[in-house]
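In the two complexes that follow, subunit A is the common piece, with subunit B as its partner first and subunit C second.
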Partner chain A sequence: MRIDISGDSLPNFKNLNGVDGVIYGRYNKVNSVNPYKCRFVAVYPDGKEIFGINLFTTGWDEIPNGLNGLRYELSTGHIIQIPKYKAYMPQIEVSFGMDGSRIFHFINVHCMAEKEVVIYKIVLREDQLSPQKIGDIIMSKQALPEIVCKSWKYTS
Partner chain B sequence: MAVVITSKFHQESEWKDISKVVFTSPNMVSPATAGTRSHVLPGQGDLGTWYEDTSYMYRVEEEQKITESDYYNFLSTTTMDLDLDLPSPYVTVTGTTDNYEIFYGYIKEGVGCTAIGYTQLSMGAVVQDIRVKLEYSTGATSPDEKGYLGNVTSTTINTPGDTTKDVYGLSVDFDAGDTHNNAWVVDVIGGTPECYIEVDLDKPYKITKIFMRGEYAYDSSGSSYFHKRFFGNYKIYGKLLQSDTWVELYDGANTTEIETTVFLSSNDKYFRYYKVVMEDNGGLTGFDTDYYALSSLQFFTFEYDNTPTRDKPMYNFKDNGGADIVYINDITDIGGSEYKLHISSTTGSGTLASGTSLRGWGTLTSRVDYQMDDSIVFEVTVGEAYNCRLTAWDDVTHSTTNNELIQGDHVRLSALAFCASNSKLEPSESYSPINYVYGPVHNRILKGNTVHMGQNYFYGDFDLVYRFQSGVYGDFLIFKPMLYGIDSSISYGVHDYVITLHYAYT
Partner chain C sequence: MAEPIITFAFNHDSAGDTPWGYIGGGDNPNKNGFRKITPSTDLLVFTGGGILGLLPTPTCASGTRDATIRPSSASYPIPQTYVESDMMYIAQFVGHNAYRYAMAVYVDGTATSDIYLEAWDDNSFSTTNLEILVGTANSGNNSFINAIRTTYSAPPWGPGWSGSDSAAAYLRGTSNRIGLNNSSTVTDTAMYYNIYIRLETDCSTFHVFPVLGFRYLYT
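Presenting the complex of A and B:
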């Protein structure tokens, strides 16, 4: 037995159902999406849709290039449609505690435009301290990457 | 790709699997059963860190120690400004003495220059002391050959004759008028034949060749009196520090020749102390085996060409662990303890002012000087983890720092992110483009995502990726959580907190 940082257990989640779960702390209470029930949907020009698995193992790196659209479906029913860009690279932002606890914070969808990268930060949890709610989107920008890794998936 | 990160815990020279890191009062007999940790109660011990297996708790220390070692072996100081955006072809450095003044050879080897020969050490200048085994020191009584050891009790070996001469240097004194060549000669003590000569050098050297010569002597008044002495079976050892254990470097045997040349492995490390252990005179033919004798002892190091084959990163670490990197592809000794580092490229921007410290992961020991005990190491075995950050929170919500230990700056951590060679869990130098993934921090206070006065109260952010280069492992993140300044002022009650690794993956 070891600290299973790559596992899919959620010992700190309570009342986890098909929609969401609760994490109780001493001073804060967090509502989180059910990470087992959140996924991406990659849409291709022929109408084919490839569904992601969940937030632990997304399956993103296995999908082909040439997609025509991208959306995220959260367990809470939120559907976040990402506009079309040259390429996408979503990243799941998570914190893992040495006691085995885990919090899913955001899906950071990196979208490659002509001169910059636009980031759609999809909020996955809400609490009593942060103003963001599940499903909110925080936009930001950053410079184009110097090295493009294989996780970037190009649109058609 | 979902990242896969494995973990290990290092204690008592072993890597162990653990399931949790917990913090509690050590008021129980160690080892305690997992899950029985308690709160701080009146009259009970201070808080400590424990690492928990499913059925066992590894006790760390009641009074936890901060780390003190650095994570690099070499330091140099620039003597000119360096523009990182448009770097000049070189930067001059000095102040390379903190690690034994072997900077030149370290850079030469680091940039992959080829050894093309040997450089003879000036033994008279570099040998600081010589010792022999005590029995052989006190056994010298007569004024003839055995009298050569008359001064050994004062730790110096003198050879006979009008001129005092140490047993080193390429002695070729075989003049016809001599009664013998200058030599250290000693009786072999029956029953305890092992004898040694220890040589202390002024600093560590990577000795790659050793020349030794026995005694060859005759009486100029007649041809009947003849000596031919050496030693038979022997071993050569080295160690870096006086407190280290001797490392066997060579196991040899002399037979019929009066001299021998030993070539040590190029993989051997830098050592400051060397020892020749004479085991017995077995195998010697044509020698007087009642004696051990040595007239010459000469050390050599590699001589390198001027054709580097790789770049070597030197780091300007910043307060929070980030670094500017200056990639070096050669070195020139310009005298006055100053060197010219030839630059191939740089990262970062702006100007490094003269006087900036450039640090490198050296080959002195080939191991990063990290205090691994009670540390946890993460290794990425699949995929990439982006924007990694180690920090601490009050509880499982990973959102508040409302905690007496966190607010009191008691929760701390020393950490380093690196890639390595040789062995997966031994932090050793690699010649991949980088050695340090993220620079070291010592005793860093953890407090959520707080940034105050330019100081991060966390460790990060950096990327950890799985490496698949030959002989390069990683990436690794090693960290040692600790509780600092815990005393009786801590209130009674529950003080749990959570150290977290915050990261992103695809």
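Presenting the complex of A and C:
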């Protein structure tokens, strides 16, 4: 299946299909998820699931607090289950070129624990130079935020 | 939240080193002497200082180029910068100078990080192998592309500025870049920078197309 990328919003992508796309660089070849086909799934105690939209318009800020679980579904079929924490705030990391190109690097899922923030960095592209593959998770930690913004969603 | 809308512009006004004044939404970005840069169709061209000397201003025909002569005795900033669309429009205040409102970026919406200006070989945003980014011995193995954040103040001039100044960088991937707002979030904000390319006497002759990109986070 081919995806209609309206308005040439991803001019650097070649062979973009329902699974992934390719970006041919001068020295490197990059495989990327299809950003239109990646989303979060927020699970609530009553079994209800709220689905995100895509990586451009995530829909994250519109979901209510009180979720019971969180997972990410990538276009490549990877499903990343995030363990339960006090709260979540995912951040998409993107590069936007002055030639109109875009590449989505990571979803940085910030997870609030008792004494720290644990970050699950979900890899969205792979190439011939980096050991990271699509769907890999890079873990890191940072201090609790001094100011908690509304994009943090609390669990039940 | 959705990805913020990023709008690029340059100051084409021959009269004033003044702010853009663009406020996003339905506002017209072509105001106060600034012109919008349309990604995917417009091209940022560093040229001049060759056989022709300097190209005509404020505009010249699309496709006009003057290959800058490689310097023989001292490094040399490429003297002119144009944005090429239907024709070539001079970016009047871009270059090795003390102008503040040269290039502009507007974030319509919210980025949950600073807006980082980076330079890469191409739009795979994955390598920095071009000589213009790697540099030469005479550039101290620094990139030839010097950029500086001017959102809050004009570049220092004592005389001149380079990628080693505060709020500046010799652009190369994620290791050498500038944050345009110097903040952890950016909402509905215009930011400014200046940029130039300095050729070294030991550089090769080249004609390359590195990509300037902006990296940021959003929820």
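Rule of thumb we're sticking to: the second predicted complex is superposed on the first by the 148 of 156 C-alpha atoms of A that agree within 3 Å, B and C clash if a C-alpha of one lies under 4 Å from a C-alpha of the other, contacts with A are read in each partner's own complex, and residues count from 1 in each chain.
Basically, a residue touches a chain if its C-beta (ideal position, glycine included) is under 8 Å from a C-beta of that chain, and two chains touch if they have at least 3 such contacts.
Computed from a predicted model, the values in this text were never measured in an experiment.
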{"item": "Joint occupancy of subunit A by subunit B and subunit C, clash or fit", "value": "clash"}
{"item": "Touched partner set for A:103, first subunit B, second subunit C, both or neither", "value": "both"}
{"item": "Touching partner for A:143 - first (subunit B), second (subunit C), both, neither", "value": "neither"}
{"item": "Touching partner for A:95 - first (subunit B), second (subunit C), both, neither", "value": "both"}
{"item": "Partner chain in contact with A:27 - subunit B first, subunit C second, else both or neither", "value": "both"}
{"item": "Superposition clash, subunit B against subunit C - the stretch among 27-35, 99-107, 207-215 or 351-359 that is involved", "value": "27-35"}
{"item": "Common interface residues of subunit A - those touching subunit B in one complex and subunit C in the other", "value": "12, 23-30, 56-58, 60-61, 89-101, 103, 105, 108, 127, 129-130, 149, 151"}
{"item": "Complex interface listing, subunit A residues touching subunit C", "value": "8, 11-12, 23-30, 55-58, 60-61, 89-101, 103, 105, 108, 127, 129-130, 149, 151"}
{"item": "Residues of subunit A touching subunit B in the complex", "value": "1-6, 12, 23-30, 56-58, 60-61, 89-101, 103, 105, 108, 127, 129-130, 149, 151"}
{"item": "Contact set on subunit C toward subunit A in their complex", "value": "1-3, 6, 8, 37, 39-41, 44, 112-113, 118, 120-127, 129-130, 185, 211-219"}
{"item": "Subunit A partner contacts - residues on subunit B that touch it in the complex", "value": "1-8, 17-22, 53-54, 376, 378, 384, 386-387, 393-400, 402, 481, 498-506"}
